[in-house]
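A, B, C, D, E and F label the chains in the order they appear, each numbered from 1.
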Amino acid sequence: MPTTKLIDYDDASPRVKAVYDDIRATRKTDFINNFWKALANQPDNLERVWGELRDVMGPRTLDPMAKEMIYIAVSIANNCSYCVHSHTASARAKGMTEEQYQELMAVVAMAHKTNSLANGLQVPVDPEFMPEG
Amino acid sequence: MPTTKLIDYDDASPRVKAVYDDIRATRKTDFINNFWKALANQPDNLERVWGELRDVMGPRTLDPMAKEMIYIAVSIANNCSYCVHSHTASARAKGMTEEQYQELMAVVAMAHKTNSLANGLQVPVDPEFMPEG
Amino acid sequence: MPTTKLIDYDDASPRVKAVYDDIRATRKTDFINNFWKALANQPDNLERVWGELRDVMGPRTLDPMAKEMIYIAVSIANNCSYCVHSHTASARAKGMTEEQYQELMAVVAMAHKTNSLANGLQVPVDPEFMPEG
Amino acid sequence: MPTTKLIDYDDASPRVKAVYDDIRATRKTDFINNFWKALANQPDNLERVWGELRDVMGPRTLDPMAKEMIYIAVSIANNCSYCVHSHTASARAKGMTEEQYQELMAVVAMAHKTNSLANGLQVPVDPEFMPEG
Amino acid sequence: MPTTKLIDYDDASPRVKAVYDDIRATRKTDFINNFWKALANQPDNLERVWGELRDVMGPRTLDPMAKEMIYIAVSIANNCSYCVHSHTASARAKGMTEEQYQELMAVVAMAHKTNSLANGLQVPVDPEFMPEG
Amino acid sequence: MPTTKLIDYDDASPRVKAVYDDIRATRKTDFINNFWKALANQPDNLERVWGELRDVMGPRTLDPMAKEMIYIAVSIANNCSYCVHSHTASARAKGMTEEQYQELMAVVAMAHKTNSLANGLQVPVDPEFMPEG
């Protein structure tokens, strides 16, 4: 249950409708997911977040599926259930196979494990890892 | 400063030396980084973690550089300074360009932002994201 | 579903009833929320937590609504769904407008974003930020 | 030690210099802190983050000092040492007294404590906290 | 709702059945909990995680109930609802009394509180805490 | 470097000195660690936190060393460097052997790993784990 109401297209203000229209055009689908419907109560945030997401997740130098996997990894660490579900669905839609999903989960699990060990043992950073300035 | 001492190759037990030798052979370098030198006080953990890391980070279905980026993303979320440094160095060694690093940071920052919004607004998961069982 | 049972007023021991009575008197309402009903299985914790909350959240030098917003910010970061809901309700009861809620979410999202960038880039603290000792 | 080099004003590209100039003009100081010098290696991120920060932290409906306190609260939860230092300095510059700082720390500590209890006991959200839709 | 389907014993491949059989034999129960049924879609992860869990949680030098409590403490911090429930049930099955559960929650809550204060005040580590090398 | 100054015994107010005296008497040592010296700027917090710590970490139903291990586990998860160091030192002072420390780290690492998998796969809680009630 959200802390605020979910705003459907037909109930949206013109300002919100303009964002919804851009989401639909960019993604080539009529589907507006709940994240945007909740943010629609906060038009400034809606416009800012959508604009940034469209820009950041659009084509640049990294593989689109790899970007979704990175997004999943962060979402697991923050335990954002909504984001885990939505980006797992996106990664699959962009071609993530079950073998790749398995490997993603293995890397994520490994990272959490070694993160906890390095933090637990308070391992000092090797000078070799430092960038030459 | 670590919570335990760092064990160099020459001071290591035969059991630890065997792991160090495998690290060197697998990575084709003499360099043993501090993470392993700290874990060397705990031989069971040393063997288990190295064995798993070698297996999980070895070649499978995902791009090796993408795997390092996923590792960086988790390490940032857990704020493991050691791991951020070591895996950023690894990703660069595997070919990550400055443009790709910039894009990685943009995706990671975006994910933290939308994670906090989805958790803050407690957005319910859309049924459309659920896998068909 | 909680890990323990929820104890209603009528089923509570005299020691728990005394805390419930104080909650009701302090908040000027008969409503006892589930957090206290779950803690009631642990009377030492119930008394300690309620006593501290009453003291800390009571009037001192900060604006009561600002304190609820700080509480929401922490609860989002820890992804405590219960706490996000209860303190969002409290902040609204203390006068938080939709515009202020929007601004809170924007600040929280911004902070998560720059936190991840500062941790990802491992930015060293400027000496200018240090307090003069 | 950062994962990348820090770019001073004199070594900056025109694109980066334009951001630095805007930071200086907005903040009415010549001081450019390390966060921006590290981000300067990633001009897209630099522009996006500065633009958003200037907008989000600028005057709207919340008290500027309260916003810095919210920022501190998130930064503590994410354990961003850089951000804790920079925003504690900012909150003090905006008038936070020692009494208010004490109260902030008490609220933050309280929130972490009750967050862990609510998550540990898996307390179900009371229907009374839900917004009427 | 999981991101993947849950695989029951009768629908499992021989490789997965072998793990399920080992879980049943090790735990002396027919019950296979959902964690393994979800992991069963990823046979490499299933085998690796079960093998490690059986080894790590098996009898060594620490009290089995204390180990479950440590597991609960980590799970609360990561807010893994599934893990909080499963390990609270395990700790109870291994003899955790309500008084001990209360004390566990008090220690966990205290730790979150002082962690946030130490991070908020950025307290420097005393040299006295450092191990002699 | 702390965000505030560290207050030594000789510079402390009578109110702070009373807490320092109680710390020394309770712990049977003259050593006052930095955590208290930083909190001493906030006398209300100093008194509240010390009083709670003395009570919660004092003898009740759990083994004192186990309680320090639980504290370490939480501190690793929150990545509180100060707390990891201070409670690792305390656990050792209370008898934690290197074998037990190794086992603690293995349990903590395992928990972070399975937490991330359960959150990543969004595994639903088995009804069998629910308390009857």
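Here is the rule we go by: contacts are C-beta pairs under 8 Å (C-beta built on N, C-alpha and C of every residue); 3 or more make two chains touch, one makes a residue touch a chain.
Worth saying up front: this structure is predicted, and the values here are computed from it rather than measured.
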Among the remaining chains, which ones contact both chain E and chain F?
A, B, C, D
Looking only at residue numbers at the chain A/chain F interface, is the share used by both copies over half or under half? Answer same or different.
same
Which chain has its C-alpha centre farthest away from the C-alpha centre of chain F?
A
Farthest from chain B by Cα centre, which chain is it? Let me know.
C
Report, in whole Å, the distance between the mean C-alpha point of chain A and the mean C-alpha point of chain D.
21
Interchain centroid distance [CA atoms averaged], chain A/chain E, Å:
27
Which residues belonging to chain D are in contact with no fewer than two other chains?
1-4, 45, 48-49, 52, 74, 76-81, 84-85, 88, 105-106, 108-117, 119-122, 125, 130
Should the pattern of chain-chain touching be classed as line, ring, star, complete or other?
complete
Please name which positions on chain A make contact with chain F in the complex.
72, 76-77, 79, 81, 84-85, 105, 108-117, 119-122
Would you mind writing out the residues of chain B in touch with chain A in their complex?
1-4, 31, 33-35, 38-39, 45, 49, 52-53, 56-57, 60-63, 66-67, 69-71, 73-78, 80-83, 85-86, 88-89, 97, 99-100, 103-104, 106-108, 110-126, 128-130
In the complex with chain D, residue positions of chain B that touch it
79, 84-85, 88, 98, 101-102, 105-106, 109, 116
Help me check something: in the complex, which residues belonging to chain A touch chain D?
1-6, 48, 52, 55, 125, 130-131, 133
Touching residues on chain F, where the partner in the complex is chain D
1, 3-4, 41-42, 44-45, 48-49, 74, 78-80
